[in-house]
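Here's a structure for you.
Every chain is named by a letter (A, B, C and D) in the order it is written, and numbering of its residues begins at 1.
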Amino acid sequence: MKRIAVFTSGGDAPGMNACIRAVVRTAVYHGIEVYGIMRGYSGMIKGEFVRLDSASVANTIQKGGTILKSARSQKFMTKEGRQQAFDQLVNNGIEGLVAIGGNGTFTGATLFEQEFGIPTVGAPGTIDNDLFGTDYTIGYDTAVNTALEAIDKIRDTADSHDRCFFVEVMGRDSGYIAIPCAIGGGAEIVMIPETQMSTEAVIDSLQNSWRRSKTSFIVVVAEGEEEGNAHTVAQRVKEAIPELDTRVTIIGHIQRGGAPSAADRMLASQIGIAAVEGLLNGMRNVMAGIVDRKLVYTPFSDTINKKKLINQSFMRMVEILSV
Amino acid sequence: MKRIAVFTSGGDAPGMNACIRAVVRTAVYHGIEVYGIMRGYSGMIKGEFVRLDSASVANTIQKGGTILKSARSQKFMTKEGRQQAFDQLVNNGIEGLVAIGGNGTFTGATLFEQEFGIPTVGAPGTIDNDLFGTDYTIGYDTAVNTALEAIDKIRDTADSHDRCFFVEVMGRDSGYIAIPCAIGGGAEIVMIPETQMSTEAVIDSLQNSWRRSKTSFIVVVAEGEEEGNAHTVAQRVKEAIPELDTRVTIIGHIQRGGAPSAADRMLASQIGIAAVEGLLNGMRNVMAGIVDRKLVYTPFSDTINKKKLINQSFMRMVEILSV
Amino acid sequence: MKRIAVFTSGGDAPGMNACIRAVVRTAVYHGIEVYGIMRGYSGMIKGEFVRLDSASVANTIQKGGTILKSARSQKFMTKEGRQQAFDQLVNNGIEGLVAIGGNGTFTGATLFEQEFGIPTVGAPGTIDNDLFGTDYTIGYDTAVNTALEAIDKIRDTADSHDRCFFVEVMGRDSGYIAIPCAIGGGAEIVMIPETQMSTEAVIDSLQNSWRRSKTSFIVVVAEGEEEGNAHTVAQRVKEAIPELDTRVTIIGHIQRGGAPSAADRMLASQIGIAAVEGLLNGMRNVMAGIVDRKLVYTPFSDTINKKKLINQSFMRMVEILSV
Amino acid sequence: MKRIAVFTSGGDAPGMNACIRAVVRTAVYHGIEVYGIMRGYSGMIKGEFVRLDSASVANTIQKGGTILKSARSQKFMTKEGRQQAFDQLVNNGIEGLVAIGGNGTFTGATLFEQEFGIPTVGAPGTIDNDLFGTDYTIGYDTAVNTALEAIDKIRDTADSHDRCFFVEVMGRDSGYIAIPCAIGGGAEIVMIPETQMSTEAVIDSLQNSWRRSKTSFIVVVAEGEEEGNAHTVAQRVKEAIPELDTRVTIIGHIQRGGAPSAADRMLASQIGIAAVEGLLNGMRNVMAGIVDRKLVYTPFSDTINKKKLINQSFMRMVEILSV
């Protein structure tokens, strides 16, 4: 392998640049050429390739977002789109890919490899942490810390005014972000898709605490909570306990940005190195991840089909710590 | 004057604790006793008084929120409520008050002084900065910095995805928070109550930029914008320019919390000292403020009735800087 | 067991309060009484005990330092001192201890248990991360992030002025803090006790880069580096490469303070719960830790005598990433 | 005037990039061309000119350091050097300069204008705030906040261990940085060049507090303090009060870096606009500044020769607030 390319795809995550940097420098270290593809599969189809060297990624490790940008590509879902992407890669002499993203990205890469034989090694770049094959995804630790800093600020005002705040954090299918936000933020209750706590149970719990003359509360709600988002839950609680002064904060997209944390820079760097060395060792259709502090390569078929379960003991922690 | 009391009222603001601390220590310095009243006028009526000394406020200067808590009091709006409050003050030997809050607080204090003769000196504690009689209010600088840090994170993801973000910041009646957020956040457009920019003008401006192939945008919207809040504006823009990938972030209550900035600690400390020394010098019904770096006392009637106008040159700055 | 006590000892670390909070609430949850001992063994000898309940630790999870304070005790090194400590515990009806600290603390606890039979379960509270029996110690993640934020700021000025900065981070016996600071901070070189890189090698490396017209550098130096501290190394480099504009920054004690990171709050909470539940299950002379995301109890004799080795692959990472 | 150039000189300061950005966009707004000169006068002599347009400064407002870099130039001190610089400007068609820096920079510009007639308008870019002609310099507010955040962390550990910390902040000739750090950081004592407090007075004050059983202290020392730096003072205090557990932290170069605060971005933007519009209006040998919230242009001869005095009431504040 003489020349590889790297791209980011799906939602951006802090640490993506640290991973790109590691990919580039590892390629340089091993004497192979490396290109960046702008805007993921969309740029691959259009041929938006940029030659990268060691200096191209200087001073990027601390930057949020992705210098290669990200975009969705409907066209790559079609055979015709993938054919165009393949032609672009061939024309540019690119023999292997590092794809930084999530399962949507890896699904595309799997299909692409089956049809055209271009090998891809994946890097788990998503704040959601819901990828099988790695303990943590790139961006997760930063997103949690960002949300937690916001909750620390909200607690100031919740305490000052004896209020009940419903704080919605990201996490479409899982409570990975919500759990440490709740435990670290000293929240009384956490609502996540995995446990399906009913709004009635939330109301009961708040009423009990209110009677014990607790007057300020934080309830962390995961975005993908089936019982409804933070506004819906707050509305129903307000109806049931009118004397409660409720407020809602949706932390939202600020969780995606910002300088990556130390842990995310380490993880992104480890995985970026591993992805390139995996490609050089002939791997394909696998994602590089860290499980129990050890590097592992997991087939895309497993990252896509297997579910990473949340540690059930965390729910018990919320219960004990809000005693 | 042998004994005074201090309380916070209205929305909490970072730096209120620094101001309480300055009030307490200035009282101690001048050899007078000082009490804290919990929950503003509500606690005054109920007699929730706490003796404070120098040690009570140790390690509070950096804390967000207010250690004396804040609450609204319907009862203080009634003659009967104010009578009860006066009785409580008399019973506790309190001869003067420092009220940290905004115009609602000062209106109550004015009435209270007229009826019962208890002197109050006010301190401008509100993130909104819309108080005549001081260049900056306590909490404003911190709130702006908090919002700006959020916008910095949003810019990461706006750039990575070529998106248009509508970011709503606090400011019910004015653009004081929105303006520095827009200028400091590198926003293309700012919508504030003072200028009544139409949504059509926003659409025009975005369309123009889009045609010049600019692809990511930040539009800062003040909460009290008459054209509607960020969601409404974003909705109408999306209808007019469907190819624009729009997103909305409401920064919300996190702007109220957090450790106060250096400027807010300085301002809160200066004003806390000035409030006590004003009381000792026989002042009443005035707010201590800093105008052009000099201490001034402004009658409550002026802080309530006069409007502090936003510097019009700031709108021109947004225009020049987004060229 | 009806009543236990918790104390912090040794250097303070962010997350100690989160751990104290978890200890207190777990005790309450299990229906046992809990006391805090001020100033570690010193306060134990003097009988500085404070009754704690759930509310005592409200709003402490985000606080740096330790609300129970910490101190060294020469007296506890003597049999007489330990006898006094034992008498105080007996007089206060305390049957078990949770000690948050490092190996010095655990050594004392072991001796104490052998002589007087009071069981202790330890919690690894130190920013240094050099404790066998846990992947990470409480405070480590925060300290690394604090140092890294400082390095991010230093890089701004290093780049602007084409300078070579020698940044000294904490870590008396190991490079645990220095390694992620170097990788995450984009440093060119890291000097840690474990590898004993000579100053000559540093000079060689800088000279090579200088010749390739690289002009700004960051060298991370662990405090306990045998070749000398940052000032010594910088001095010798300056003598060898006079054209290099060198500067030194000792990050120092700021690494010990600040709000704990999300990871440290989680870890501290998990370990605090585990420590109390370990005591209740009859454990003694063990430290609660998390290894590969699983809770483990390690005998104090192992935490004291076994060495936790740094991952050698990290040194290779620094080499690849600074290519 | 058809073409101007901008450069940064002297120590870097947060907000320099925001100022460069404002200069560039104001030039574009007024239809004139703008170049960046790398490395100040040094790059001017060597002809390191870069054409800048609106996009060149996109996404720079939040960045620390200076994208144009800064350097000292011995050569510009010579007539020959200035002749070369002039030739370069003439060859590149540059008719006016915006110099972002301090008095060293302005002294050079004055001489340059006298000899060669090239007009310069200055922008006060230095963290030190010791420039006559502006209430605040670009970078000052950020530097103070950075130092204060460090002191907040140090207070955690000072309190936990009952220690006395001597914290040295920047400020070679003045206490501008030290004063708000002391007031905002809740320090007991501040030592600044302007007041020449003797170390004996510091010892007296600490001994008095120690006797009143205060056990943790923060003493803020300005870098340029005549009585010696933090290490010297700490050493002498330790000798006089051996029971005090003293520690020293030099905050150092981290004060120069980091994302500029909201106030610094506003100030830098205002001044950048004013500098260009000043040049276009025929000004020369003046610095644009903000005094009492109004734009003023001050002759370089005044910024260099007049001294901006520190507000003496601030010293009284430290005394009252540490009561």
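Annotations
Operating definition for what follows: a residue touches a chain if its C-beta (ideal position, glycine included) is under 8 Å from a C-beta of that chain, and two chains touch if they have at least 3 such contacts.
Chain-to-protein mapping (UniProt): A, B, C, D = ATP-dependent 6-phosphofructokinase.
Here the structure is a predicted model, which is why all the values come from computation and not from measurement.
Using CA-based centroids throughout, the chain positioned farthest away from subunit C is B.
As a whole-number value, the distance joining the C-alpha centres of subunit A and subunit D reads 39 Å. A separation of 29 Å divides the Cα centre of subunit A from that of subunit C. Multi-chain contact residues of subunit D (touching two or more other chains): 152, 155, 159. Pairwise, the chains that touch each other are A-B, A-C, B-D, C-D.
Of all residues in subunit A, those touching subunit C in their complex are 18, 21-22, 25-26, 28-29, 54, 58-59, 61-62, 135, 141, 144-145, 148, 152, 155, 159, 180-181, 183-186, 259, 261-263, 265-266, 269-270, 273, 292-293, 311, 317, 320-323. Within the complex formed with subunit C, the subunit D residues making contact are 8, 11-12, 14, 63-66, 69-71, 146, 150, 152-157, 159-162, 165, 247, 249-258.
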